[in-house]
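The structure appears right after this line, and notes come after that.
The chains carry the letters A, B, C and D, assigned in the order they are written, with residues numbered from 1 in each.
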Amino acid sequence: MIRLESDYLEGAHPLIIEHLTETNMEQTPGYGTDVHCQNASNLIRSACRAPEADVHFLVGGTQTNAVVITSVLRPHQGVICAETGHINVHETGAIEARGHKVLPLPSQDGKLSAAAVRACYDAHYSDNDREHIVQPGMVYISHPTENGTTYTAKELEELSCLCRELSLPLYLDGARLSYGLAAPVNDLSLEMIARLCDIFYIGGTKTGALFGEALVITSPSLKKDFRYLIKQQGAMLAKGRLLGIQFETLFTDELYIQIARHAVNLAMDIKKTFQEKGIALYYDSCTNQQFPVLNKQQIKVLAETYSFSHWKDLPDDKTVIRLCTSWATDPEYVRQLCRDIREKL
Amino acid sequence: MIRLESDYLEGAHPLIIEHLTETNMEQTPGYGTDVHCQNASNLIRSACRAPEADVHFLVGGTQTNAVVITSVLRPHQGVICAETGHINVHETGAIEARGHKVLPLPSQDGKLSAAAVRACYDAHYSDNDREHIVQPGMVYISHPTENGTTYTAKELEELSCLCRELSLPLYLDGARLSYGLAAPVNDLSLEMIARLCDIFYIGGTKTGALFGEALVITSPSLKKDFRYLIKQQGAMLAKGRLLGIQFETLFTDELYIQIARHAVNLAMDIKKTFQEKGIALYYDSCTNQQFPVLNKQQIKVLAETYSFSHWKDLPDDKTVIRLCTSWATDPEYVRQLCRDIREKL
Amino acid sequence: MIRLESDYLEGAHPLIIEHLTETNMEQTPGYGTDVHCQNASNLIRSACRAPEADVHFLVGGTQTNAVVITSVLRPHQGVICAETGHINVHETGAIEARGHKVLPLPSQDGKLSAAAVRACYDAHYSDNDREHIVQPGMVYISHPTENGTTYTAKELEELSCLCRELSLPLYLDGARLSYGLAAPVNDLSLEMIARLCDIFYIGGTKTGALFGEALVITSPSLKKDFRYLIKQQGAMLAKGRLLGIQFETLFTDELYIQIARHAVNLAMDIKKTFQEKGIALYYDSCTNQQFPVLNKQQIKVLAETYSFSHWKDLPDDKTVIRLCTSWATDPEYVRQLCRDIREKL
Amino acid sequence: MIRLESDYLEGAHPLIIEHLTETNMEQTPGYGTDVHCQNASNLIRSACRAPEADVHFLVGGTQTNAVVITSVLRPHQGVICAETGHINVHETGAIEARGHKVLPLPSQDGKLSAAAVRACYDAHYSDNDREHIVQPGMVYISHPTENGTTYTAKELEELSCLCRELSLPLYLDGARLSYGLAAPVNDLSLEMIARLCDIFYIGGTKTGALFGEALVITSPSLKKDFRYLIKQQGAMLAKGRLLGIQFETLFTDELYIQIARHAVNLAMDIKKTFQEKGIALYYDSCTNQQFPVLNKQQIKVLAETYSFSHWKDLPDDKTVIRLCTSWATDPEYVRQLCRDIREKL
């Protein structure tokens, strides 16, 4: 069985295992106050050209989202996101469990437009009974989105402008950020993201690390007392250096972007093969996730050799599946998959 | 100005004022442990033919919804409701503030069907990743709905059957319950509601009281320690007897239903007049709220003499407004309104 | 049975009943936006000589404390109070239910000293692991305290100075504020309280109203969006005018302070009688609550004619009880009680 | 500098690093559903002789405590613990942030006695106003305690009996459980702990793992839907197999207990040396943490060569410090320390 159902099937990039092994008997203070965390923070600040940013390392994405949103919002505020946003659908209500309503907006491709955010904001403030309604307090986007789509520089710029005009902090969930930066269509950089967002995270779990997310806070007003919230939310790793070591590795010699390019190139091969075969892709993803629309027979054939995620049933008896590549995907397996798409589907 | 924008414009039915005055210097223990609360509870149990039910008196609707839902759900559960449900749109995220996601289902008329609830339940339990998704934990309906529509006995029976099959407690928000019971189309009774719901409240604020809602818990498993939750949520009135006295009055000589009939009869006059004039009603309400669809000119004319709520803008430059009658509405005002509809719109 | 166990045994001062009756059929908009609430707010601002203050009316004390503390604190912060503070012991964990730890400090008399607050603050900030500990975020005091004791002007001035130095908002729970202002030892005024506290409430429930507390926010930074929080916490009364009318009455012709003087004078008669009889008072209260220390035989005798609260068992088989007077206490009953103390105990 | 300030200074036991490396390129499903987690669960069930127990793997202790307590309690309930309990003092109010009051009881040594728990329970239920007070809903103990002390079998048996009589689930925080099992005074076994507690966790972070805690639920009524709560609280590791692999290693060939014996033997050498030197130990700890009471001069001398934690200032100008050994402590360093205690202090 060749497994392609997610991008967190293996452990970590071998260099990370190597560094964890080398440093294993070092003695360091706990909770992220060690020298590896400091180095990694500096490397990230440097990559983002954001020398004033605060960098924190957390273990996972749901946790990071919960800590950030809890820290930013006042109790009567909610967070605007696309209806497909991870916080709205796949975190068991973690945001609501911390007291905040998620304010989902309709979205075809998983992205939020500046126009949609403005309409939501205006609807709130034009309501005479607005005190009876949750107040929009921040904006959450994911990049790439849960559907593999990406924001252009122009789109992110517009969103950022609007958010600053409306005093809504803009938060970018970068669980798969490297795959977005490696997309052939990409015109964004870490530097632009750091300039346009108030707070964002660079995902490690899905891009080469055993686990871990690097949170970058660029907005000065969001920095205060953040470590208290990390601890309170159960997100402060005792041996914090494990996170530091992993991100030191990922941000040395551009490993972070190199391994993403590997994954995206393979995903583009898969995409092209489906397209040439006349099989539709449900979202136009230029990143490591691909979403072909298959019929039952095609799914049966594919399932003999490959594992994948069931994404969504369509009305006409077709089904959207998800195939993921990652830093760890063997190119030989992808060649075999492409052959099978061409010959067996 | 003749005010028709809501059903809580005046104080209380004169008999309630009279009884509050008469009993004013009585000395009673606090927090709902007095003899008036006991009497009122007995009267309500009797009206519901539910001798085993627990009855609690709370001050307002948002508060009652918050206490009930907080008490019933475990942390990972959410509450299913129609997308127009009061808890979803007009309580400033009170349910989320207590940790729970509201799970809104699409609804044209403000009602939930058994089929829609079953589909939501099945979708959850058929998902392999369901632990990443909020679990449906109870069902909230309002009767009459926020749109003035009402459940038939058959519809409520189906919903109740399903909820028991799926072990989802069924909660009915009866902020305007009396107006539903007084509707010409009504085939429900308090007894049926008590039999079919696990927990429900009989609204006082909008139906003759200064304030107050009577919560009835029929399901034995939902009764335990409920008063702790009332206190914790800031919903336990020190001079609880004020609630007891008001509900004693409302449940003596059927005052509760009589004053609702007064309101509904007047609302039916308004409805009929709009219909005869060829003006559409956005919802088919047989209760004390009416929702005519007007153009700008009609609204301007009406606003010279009457106050009403702005409900919703429609795409074609029309607007839905809300007119309410209540126990306190002067029939002469309604006659004048009907005349003006006929002659001026 | 002459009831003296609390100060919320009766309904409301007759003038309040009168005004509620007179205004009963007035039509007003809801949720505290009516003219009575505006008038009452102006009267309170005037009494406090705080023309810029925001005034909000809520239904009860637990609710008011919960809304205020929830609004002021960030998630990682707690509220400092005396260990006997109402929020620490008698609100079913309402503060914790909204996410915040109560930080209780030892206190003999129910008061907090500036020195104790400073020590608590310093202990936090001198701890290297402070991010693992709840951060002090505000200070809660009650005046009079739950034990009937009161702050002097000098004590409140010191506390206020310190709180401003440390950027800790100072919140005063004035559930029985009128009885404090009427105490023979009192050297505080509403004006001083408004100047020294950032936020405080003037209790109605225990001092002549059917229910209701008037919250005064003097600190500009605490005002923003406060009504959203009132609504979310289920504390916004639909017929808000009921609160406005009651506080209009209490703040006209100094009724608020007159009725408190009545109660305190009677309490002082009781206190003096116990003292003359050689019966100890557990706290030195100059307000409407008195706490004599009695033996079992004395309690038995008293219980034949009077109801009172059991407050605390002492090691030597003695018991502290609480006797309360109020605006409604009949002087004849107090004369009889004093006679019985002298002759029967 | 020889570091002894905590027991989480290094990475992981070399066998764990070895197994993580070996398995690195295995492909497994996520979120703890892999074969390593299954194996580790079986090994733990076996070690506990609890074939019916549910085992879950979480990342850290604060997180585990928060998930467990959130899952067990209803909203109006609190958790009884010793005043020194980790949840009360060192988790930034994580329990309160999830809505629950911590109910701390005085304790000299960090342990809870059955008598103290009963007194707390009885005080609650004998109070007429108990609905105004947080209800005790479960009992939290740590073993070893934060002070290094341990429960005897008899003490745990008594506590367990009482908790079952009172229907209070008993939860044991075993962050350092292995060090307790390895204590010379120990008469408990994993089997007894599994039989006497309703839910407990076996710490990995401080006992040889990179991170991770194994939660064991023996009480059937506490098992339902637990994974939803893990996810919601941000405690579900995407690559769950990392936890499985680590606990497989720890529970093979008794590694878990062997590495603890190493640490405790060294700690006993330190303890004995202090005692022989006439230096008091603040707590009588037979586990890997030791708490000598030193004067300023002694601290200065020790600090030249060793790092340690500052624990507590005593009134007489003395200070309690904490020294920890661990699975990783070099015996040669302890020999040097003992020499220095004898010769330099």
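A few points about this structure:
Going forward, contacts are C-beta pairs under 8 Å (C-beta built on N, C-alpha and C of every residue); 3 or more make two chains touch, one makes a residue touch a chain.
Bear in mind the structure is a predicted one, so any value in this text is a computation, not a measurement.
Between the contact lists of chain A and chain B, the overlap consists of C, D. Between the chain pairs B-C and A-C, more C-beta pairs are in contact across B-C.
Set against the C-alpha centre of chain D, every other chain centre is closer than that of B. Separation between the centroids of chain C and chain D, computed from CA atoms only, is 42 Å. Computed centre separation for the pair chain B/chain C is 34 angstrom, with centres defined by C-alpha atoms. Centroids built from CA atoms put chain C at 50 Å from chain A. Residue positions 75-76, 91-93, 97-99, 131-132, 228-229, 231-232, 236 of chain C are each in touch with at least two other chains.
Listing the residues of chain A that touch chain C in their complex gives 31, 70-71, 74-76, 98-99, 131-132, 135, 225, 227-232, 236. Those residues of chain B that touch chain C in the shared complex are 3, 5-6, 8-12, 14, 17, 20-21, 23-30, 59-64, 66-67, 91-94, 97-98, 205-206, 210-211, 228-229, 231-239, 241-242, 328.
On the chain D side of its complex with chain C, the touching residues are 75-76, 78, 89-93, 96-102, 128-129, 131-134, 310.
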